[in-house]
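The first chain written gets the first letter, and so on, giving A, B, C, D and E; residue counts start at 1 in each chain.
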Amino acid sequence: MLDKVIFFFFAGVAILSAGLMVTRRNAIHSAVFLITTLLATAGIFLQLRAEFIFIAQIILYVGGIMVLFVFVIMLVRLDVALHQIQFSRQKWVALLVTLALAAEVGVMLWSSRNVPGQGFLLPNAVPAGKLPPNTEALAGRLFDAYLLPFEIASVLLLVAMVGAVVMAKKRT
Amino acid sequence: MQIPLDNDLTKRYREQFGAAILDAVEDRKQAYLVIAAAQLAEIAGYSRDVEKFDLLEDYTAVDWPRREKRFDLVAILYSFPHNLRLRLKIPLADGETASSLVEIWPTANWLEREIFDMFGISFSGHPDMKRILLPEEWQGHPLRKDYDILQQDTAWVRENLGIESGQ
Amino acid sequence: MMPIGYYLFLSMALFLIGAIGVITRRNVIVVLMSIELILNAVNINLVAFSRIFGDVAGQVFALFIIADAAAEAVVGLGIIIAFFRNRETVLEDEMDLLKW
Amino acid sequence: MNPTLHAVLVFLETWWVELVSGVVIVAVVPLVAGYIVLVERKLMADMQARLGPMRVGPHGLLQPIADAVKLLIKEDIIPDNADKMVFWMAPVVSMTAALTSMGAIAFGPAFQVARDINVGLLFVIGVSSLGIFGIVLGGWASNSHYSIMGALRSTAQLVSYETAAGLALISGLLLAGTLKIRAIVDAQQHFGVWFVFLAPVAFFIYVVASIAETNRAPFDLPEAESELVAGYMTEYSGFRWALYFLGEYANMIVVGAVATTLFLGGWLRPFPNVRWMNWLDALPALFTAAVGAYCVYRAGKQPVRVQTWFMWGVALACFVVALILAVPLLVAPLKFLVPGLHGAFWFLLKISAYIYLFMWLRFTLPRYRFDQLMHLGWYILIPLAIVNVLAVGVAMILEMEYGWNRWLAMLLTTVITLATALFLLRLNDKRAAAASSAAPPPEEPSTEDSYAG
Amino acid sequence: MQDDAAQNQTLLGADELVLNMGPQHPSTHGVLRVKLKLDGERVRGTECVIGYLHRGVEKIAENRSYQQFAPYVDRMDYVAAVSNGLGYCEAVEKLLNVEAPPRAKVIRTIMTELQRIASHLVWLGTHALDIGALTPLFYCLREREEILKIFEKYCGARLTTHAFRIGGLQYEAYDSFEKDVERFCKDFERRIQEYVDLLTGNSIWIGRTRNVGVLSAEDCIALGASGPVLRASGVKWDLRKAQPYAAYDQYNFQIPVGTNGDTYDRYMVRMEEMRQSRLICLQAIENIPAGPILGKVGKVLKPPAGEIYHSIEAPKGILGYYIVSDGTTQPYRVRIRPPSFINLQALDKMARGHLVADVVAIIGTLDIVLGEVDR
């Protein structure tokens, strides 16, 4: 019962603010709504017992990337871009395509609804009690099975940092 | 109290500039030279470089309305090496411009702007010749003797408040 | 733990809204934000399935996606600043010259 | 009884402790923050040979309430072309970030809202870092030139010092081995010594970084009165401004709590495991009793009758608290209460000591310039923090693998870190000397000479 | 302010941003407006807009008698009123060829040196406050209070004292004058140590003041900067030694000199000056000569026609009086050489290339008082 309440609250907030994010004219407003979406999805991660991803989402996504976005929006004076039209001409084509996609996935989800095992022949979820403590398990898996991807990710971040600094440097 | 002065300083000035040195006087043991406005720049340069008066302590003016050459520019020089003070007085007629001393003593910049603000004497060669203390749109120059202290007030009151100032 | 269908539906919805954002918006910054939204939608799926199987691999992958999203946002914004400094605009349509 | 009512009862039955603690935090913290402001003003006055607020209530004790009422009824002005929604939201974000991060802090073994999040400490840091948005959006929304400059500066400062604080905490967490707040304090109990003695440099870096993170003392540049008038808070007035202010002080409590939990042994009394130091258990009760006695002594001297009554009231409150702390010690059946109550006392004592340090620095040190501040952050603090993390790691391995004595390993690594610190400082001085000896910026021949001196 | 903000394009844009500091600004020591031409944070140029406090003192002087004008002089540099009064009284005495009696000269010296300490204390407090140190201000005000008590006991006023008269003094030194001054000087030694502990060794203070607002000796002399600003740039010159007035020739004291003329050197020079003033006071109260306190000056002063220029070493710099008399009881022209006005001119050369926060420190170190700048 509690799960249902929490899930529908967070899902509702996420979808609503995502929709608002896309339609706002002012970039700062859309940034603020994106932050609410990210926080709502973080809530869903918490509900899925994924604490580390929950906190990683808050620190990295909201505390890191979104601060960057807001910083750039403030630096790039937007009153210049504001009164230019925000939506491109092929708006209706895009809506049409996404509606078709939505209908297709919806029908597939809906038709499989009453097949036993939620339609995907999946085992029932592991009861919450037997889940290993999240951070320790994640750390264990990350640093033995996925050590190489971890190193590659760090190299990727380094490349991104150097690239950004070179890109944004004032041509003096 | 004013006795003509004739010491080696004035001799050097006279032999250097001759007629430009109109008068050399000592008043209450303080010497001052009256010089012609034309040679102001050279005399000032000479005083700083040769006579070592490296500090222009003060630069102001005095208004003598009844005299034909109405204003007296007064430059007070001080020499650090000799610990000596000298005053240069430059008589100027109304409307006549003096050559600016900003190149010789940069401190003259604001001092000349204040003289212009208060007396209306403008200086040729000054980088930024405009009023310094009073607002730009101020009419008249307060420190002139003929500047009535109420004149500005009545004009302003009539213009802004639309009534006659009762003073 | 809700049945998996709900999570799939939620992530699909977010993905579609992100796609609409990418396609319809002319302001590059909002396009970048929509891409972040899409990556986030993918994360929901990963974590949901990781929760069902009780295996942490999904969450590790989600962590890598967050790292990648960060790298992508940093470089994207770098380009935008460099571009804005020269052309005074952030609208996609005006970014049509390969060399200016 | 219909199912929803039943469900609500079940919900309340399992979560009542968390709910009560949550309500206490949201209600008590603004009051406590108000009184911290009063203590700060009184302390500043005392250090500056003056009296501080004396007018409202005896010795100014009702000053925070007066401030709150004033701020409530003050007209709050919204600048004309300000961004209404974001302008309203910014202070709220900054305040909620500070309060939610308090949810995970354990004020004593008993009082904790989010009971066992296993990312405890990370939650506190993550949520309190959301406070940046409050400042950035506040600066942006008020649309005045000064506040945008203030907002940009404080964002840069917060982001760079958060990195340093994070690294300092990592070296503390290495020792603790876990993120759960209760487990960290238990680890310190198990070690028998506070982590501040094992990783002193980490503690020092965290103190400096946390001062910068809460925009205080030598780093309070964003609202440096002299240049930017009030930084991002310029356009705010009335209760909105109070929200920002309370957010800053709540943030100070959060930062103090994190430092206490990780480095100063949370709710452990000094020398937790030493048997013959057990008399320290009596200290909390004696301390509050002493404060009560002092109030009684001062009560007689109050000029106004109301103030004497008030002092008697304060003295009574102190004695009651002292009683609560002392009784469980003596009465056997109440023994189980001792860790909870005394833990809370020690925790609050350490936080107040930490905040006293903040205030002390604010009264004595002048303010850094912005480039010096960023220079200190990036060139000295962050490299030092990284080296410290490596050093603590090496110390841990030396101790575990090679069986070195723990103290020896820690001493060795601290010495290494301090050596790198000196090297960094010398490098910095050389660089600064080189920069300043280069001729002052060349006099470019500006064409319009209107600025000629 | 709005028109300036409109000029600047974007924070990223290259062209300059004109930031307006003042006239209502917490750290401009009065009504001074400085228009800063900024390139990002760097100051490219400054333009001072002054005159908000202009009261036309020199015009008033032409309609007042010599004695009536004396109180106006205190209102110019209201932080160091006693030295203004001393300058004016000595100038008029020179005009009258009258000499103040020795007892008056010694008391005048003591009062002027006390006023110098008080003026430097106000400077130190506000300068430290601008750079962020909150505490020194209250320590300085506490000491200054002692000095103001002495002034109040002597002449009834604390700030604009009008303590001296042309020809000598109006009031005899009250009986515990020597004791008060001695108690203050004894106590002041320990107090200065408190400021030194708070600021001199403080690395943040050194960081904020070392190499900020550097002014070389040649620039100082060229720009006419005088007083502590000149001495901090390495010129060992003090009017009290070069052309002694009042009773300064009877006491020995050193002239503090700085080396590279930055804000830190000016701070050290002014601190040392406070110590020297304290020594002068101690030497002076040992033997205040007995005798009359007012010279042979009649009720109505009619100085013979002529002009004189007399300058003294005020706390801010050289304070000069050029008085022209035409034989009547009212001066024909009184010109006051304001040290703050001329020192402020050096702000533009000192502030170039620095950050906005430094401009605040530089205005503080120039120790300007707007009453004197605008007159």
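The working rule: a contact is a pair of C-beta atoms (placed from the backbone, for glycine too) under 8 Å apart; a residue touches a chain by one contact, two chains touch by 3 or more.
As the structure is a prediction and not an experimental result, all values here were calculated from the model.
Shared contact partners of chain B and chain D, listed by label, are E. Of all chains present, the one whose mean CA position sits nearest the global mean of protein CA atoms is D. When chain pairs are compared by their number of contacting C-beta pairs, A-C comes first.
Chain centres were defined as the mean of their Cα atoms; on that basis the chain farthest from chain C turns out to be B. Our note on geometry: chain B versus chain E, Cα centroid distance of 25 Å, whole angstroms.
Each chain gets one centre point, the mean of its Cα atoms, and the points for chain A and chain B are 75 Å apart.
Annotation: 43 Å between the Cα-based centres of chain D and chain E. Centre-to-centre separation between chain A and chain D, using Cα means, comes to 31 Å.
For chain D, residues touching at least two other chains, in rising order: 148, 152, 450, 452-453. Each of residues 81, 84-85 in chain C touches at least two other chains. Multi-chain contact residues of chain B (touching two or more other chains): 106, 109. Chain A contributes residues 1-2, 26, 28-29, 32, 35, 51-52, 54-55, 58-59, 62-63, 66-67, 70-71, 74-75, 133-136 to its touches with chain D in the complex. Only residues 1, 5, 8, 11, 19, 25-27, 37, 41-42, 44-47, 128-135, 137-139, 142, 198-199, 202, 204-205, 207-208, 210-211, 214, 223, 345-349, 352-353, 355-358, 360 of chain E touch chain D when the two sit together in their complex. Of all residues in chain B, only 1-2, 27-28, 30, 54-58, 60, 62-63, 74, 76, 80, 83, 85, 87, 105-107, 109-111, 118, 131-135, 142-143, 145, 147, 149 touch chain E in the complex they form. Listed in rising order, the residues of chain A touching chain C in the complex are 3-4, 7, 11, 14-15, 18-19, 21-22, 27, 30-31, 34, 37-38, 41, 44-45, 48-50, 52-53, 56-57, 60-61, 64-65, 68-69, 72-73, 75-76, 78, 80-81, 84-88, 90-91, 94-95, 97-98, 101-102, 105-106, 109, 112-113, 118-120, 122-123, 125-126, 128, 130-132, 134, 137-138, 140-142, 145-146, 149, 153, 156-157, 159-161, 163-168, 170.
Chain C makes touch with chain A in their complex at residues 1-10, 12-14, 16-21, 23-27, 29-30, 32-34, 36-37, 40, 43-44, 47-48, 50-54, 56-57, 59-60, 62-64, 66-75, 77-82, 84-85, 88-93.
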